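Two complexes are shown next, each including chain A; its partner changes from chain B in the first to chain C in the second.
== the complex of A and B ==
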């Protein structure tokens, strides 16, 4: 240090200063992120926990003044999300297997991969409009099935992407071993590759479920929402996000309170699924590693 | 050259094996389905919106009047709202998202790295309707009470800014372009942070080691060695966030004020393509011009998102290959 000229010393301090300053700004940015998450969760709980009672889970939506709940919306959401995942997840897995095991670097597989990545982030409102045109307008009305279809189209690319990513992590030696033992291509995939990647695929499915459970815009165009109890897939069906949307914009305080409670429930559900998916991945990979 | 001594029928038997053939065909069909879905969306939107394109021609995109009563539809207000909110959101979210990413890869103590990473990803998982409610009940009142009066007072004495170009004057009603941009910024922040973090993390350690060995500070290693190496992917992350901001619906519907006229202020109520589609849909009967207009808007949004996301993917893939 002693031998540094004044100019060099000044430069040294300036560089250190810039480094500290930018580092400090980055710490600040991370702080902003954390504060935002905290603010959102705190607002949700402070506004939502008060409205939480048994009637939320046992009563259907009702007129202001009557003791209404969200039971029909919760059940409607479970039906549509469940059905959507049951349609979308297997299709997504097949796409993922195709990309990783069959198509690999072929030109068509590259196209599928590219298109899948686009669909993955395509505006969900357009998926809703699309399903409205193919499954609501021609079939004569809004239906729970159309809602499930829209959610399936959103889930499919998510599962496809995670499945491909996970299958690529399965060591090539597994496949070679299975082939050496005389397995056919479909046996290699079904009996060796897929079981080895089970935890990762499950994680992808859980993440897809978490994503579609909170989707609102596509359901506006497909299952529409329903204030009554209905489990009929051919009729308009209630869902938690739509109920929140309708109630939050209403002038009645008890409806707004229910919207907060619904928002809290859905956020807790979605975040739990996210955390659960991490644990399932860690637990299963851990077991295999040991 | 002699051919390998494998009986022909064995090869034939393998090739025609029913299980493998069915397996391949079904997987190929699933892959094709993805492509078919994308093209169907384009075709169905365009066909459904044809009536609007035929009626208004190019004026549909450049028209500034949106009036369901007189059946005159110009999409420019919605397009303007979409571009302004998305651009502003990106401008706010990108520096913060980048800061978070740099913090997570270089500054953060090891013990905190995993939990903070999870926190950012949880922020990304919160459903957009929750952001919308939060914006409507928390952010909008805060904006109308404190931020908007302050902005108006601060900028009004600079005539060119206060009055015209930057449009900082408006009645402080809370909802509008600025509030929608802020909510969008909060929403895309975790995406940008997570993608940028993955990009920074994927850069070779050798690059950083080399920079440190030459006496670089952390910031100099980042700007001098890491960023030039992963510049493309960083662009990709930004475009990914932009794609998300362009198409976001529920959060925007709550806080933008849903006014389909040209905004005269950064705080004025406005609309985006996605919010117009969601908002006007209940009044649009099948077969009418009203619905065709929404489908045409959907087509425009889809084409724009497709472009933005395609750019994002090309940038992100490019680096992954190298």
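== the complex of A and C ==
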């Protein structure tokens, strides 16, 4: 290598220094994020694993001193999240299909997209209050159904957004090919575009489910929570996030321990859904070949 | 499907050949070049102007496209040859802002008439694209797509027959008969292009449009497709856009040369390549411009 002039040498070392500094800062930032996540998980598991026993899954919530569990909250969560996803996901998918395949860049589609984005970032407590207004006070009381409805309203815009994004990734060549074979618009979408995007849409739905599984605020004014075993959708229904919210702030140590265990269960559930969604996406893309 | 044979829709019904088309379809072709003069007109283009929004892409184009022959559109990029091709099966309808004036007739029927359904047009006039675009599904399902959409097969056996016949027609059967259930995306580029040709053949189109069908393929795959095109020509009318003058000379019987949105010259391929009437054509063919 040719000898560099002193000025060029200084410049060279300065650039090298800045480069290393920037790289170091990026690693540091990533490290902070990872450490925080690790701490959260560590805290969750170290506090939650002790309370884990069969009675958590078999017993309903009980008075302090009695052998209580979270069975009613777990089942309530599954019912409300399941029903919420069953209402919200198909609606969201239809909105996504409309935006990507029918409305496209039309004025109405732009408005729908804008409103959907607002809904996506609306505070979840607001969604809870809205559902309180339309499904709790007119129908005369808190209910599991109202909780599911609130969760559906949170899931819908997420699914709509991911569906649109995924459908836009489907190559135009597939649509052209189908149109050139004499397909009508709905046939193109049903038989070619949606099957091609199936894996991605499923991922979006699973992520939306993971999101609503941990929501507390929209359930406060809708399903309220219930300390007793109940699967009646017209009655107040327990759920894990609400149980955690109530127990974590209580003065009784066994309740606090149950809150930790509940938080750990939600986290494990959401993590599994995330892993499952990656897995399903890879499996389906793999099946289509490439 | 309508039943009155007088209506324009019935005339381009995919399942029933029209009285006018029956004779030329069965007429044996003696030799490659002799077909040029003997074949009757399948499609005719009269005073066609095409627009994308304000921009005019085609200016007063008049052209007769013979049956049982390959008609090649040649010309520099942006000369309008692909636009005309896409007008022939109303694929341009799918582009926002695209419009057309003048008449395009198939077997005497104006395909742009309000009485004609564009979906019916595209069923009778198939299209093969520049980049092979098999759907992300099995080889079998790719071929069966058209027959299923148009309910051409009443039973599974009938569908199997159509699939085999189409794959044989596209000279692909022997290579894929043992893996019909595997993904169409797993095939090589040349096989994929033959797959989409087979997919087009499965709805028995009277005309097949090809938009630079070999430009994404290697020379050996190109030779396969060209041999296939020469074979298909015996039963169908083929219109092909190509950037390769050598390819136009090899496979076409009629050549149309476009420049700046105008049809400059058209006629038997032999004559266009050996004794063009206009200097402009001569210049393009000999590589002096374009």
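As a convention for this text, the second predicted complex is superposed on the first by the 276 of 290 C-alpha atoms of A that agree within 3 Å, B and C clash if a C-alpha of one lies under 4 Å from a C-alpha of the other, contacts with A are read in each partner's own complex, and residues count from 1 in each chain.
What we mean here is this: a contact is a pair of C-beta atoms (placed from the backbone, for glycine too) under 8 Å apart; a residue touches a chain by one contact, two chains touch by 3 or more.
Being a predicted model, the structure only gives us computed values, none of them experimental.
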Task: Which superposed partner A:184 touches (first chain B, second chain C, both, neither) - done: both
Open item on the list: As a test of reading the superposition: which chain, chain B or chain C, is in touch with more residues of chain A?
Closed with: B
Open item on the list: Let me check the overlay on chain A: which residues of chain A are in contact with chain B and also with chain C?
Closed with: 184, 187
Task: chain B residues within the chain A interface of the complex - done: 14, 17, 19-20, 22-24, 26-28, 30-35, 37-38, 40-41, 44-45, 48, 95-100, 102-104, 107-108, 116, 118-123, 125-134, 136-138, 186, 189-190, 193, 217-220, 240, 243-244, 246-250, 254, 274, 277-278, 281, 286, 294-295, 298, 301-302, 305-306, 309-310, 312-313
Task: Residues of chain C defined as touching chain A within the complex - done: 14, 89, 91, 94, 119-120, 122-123, 126-127, 129, 131, 133-137, 145-146, 149-150, 182-186, 196, 199-200, 203
Open item on the list: Per the contact definition, I'd like the list of chain A residues that touch chain B in the complex.
Closed with: 15-16, 18-19, 22-23, 25-30, 32-34, 36-37, 39-40, 43-44, 47, 91, 94-95, 97-99, 101-103, 108-109, 111-112, 114-119, 121-127, 129-130, 133-134, 137, 153, 156-157, 160, 184-187, 189, 210-211, 213-217, 220-221, 241, 244-245, 248-249, 259-260, 263, 266-267, 270-271, 274-275, 278
Open item on the list: Applying the document's contact rule, which stretches of chain A touch chain C when the two form their complex?
Closed with: 171, 173-174, 176-184, 187, 191-192, 195-196, 287-290
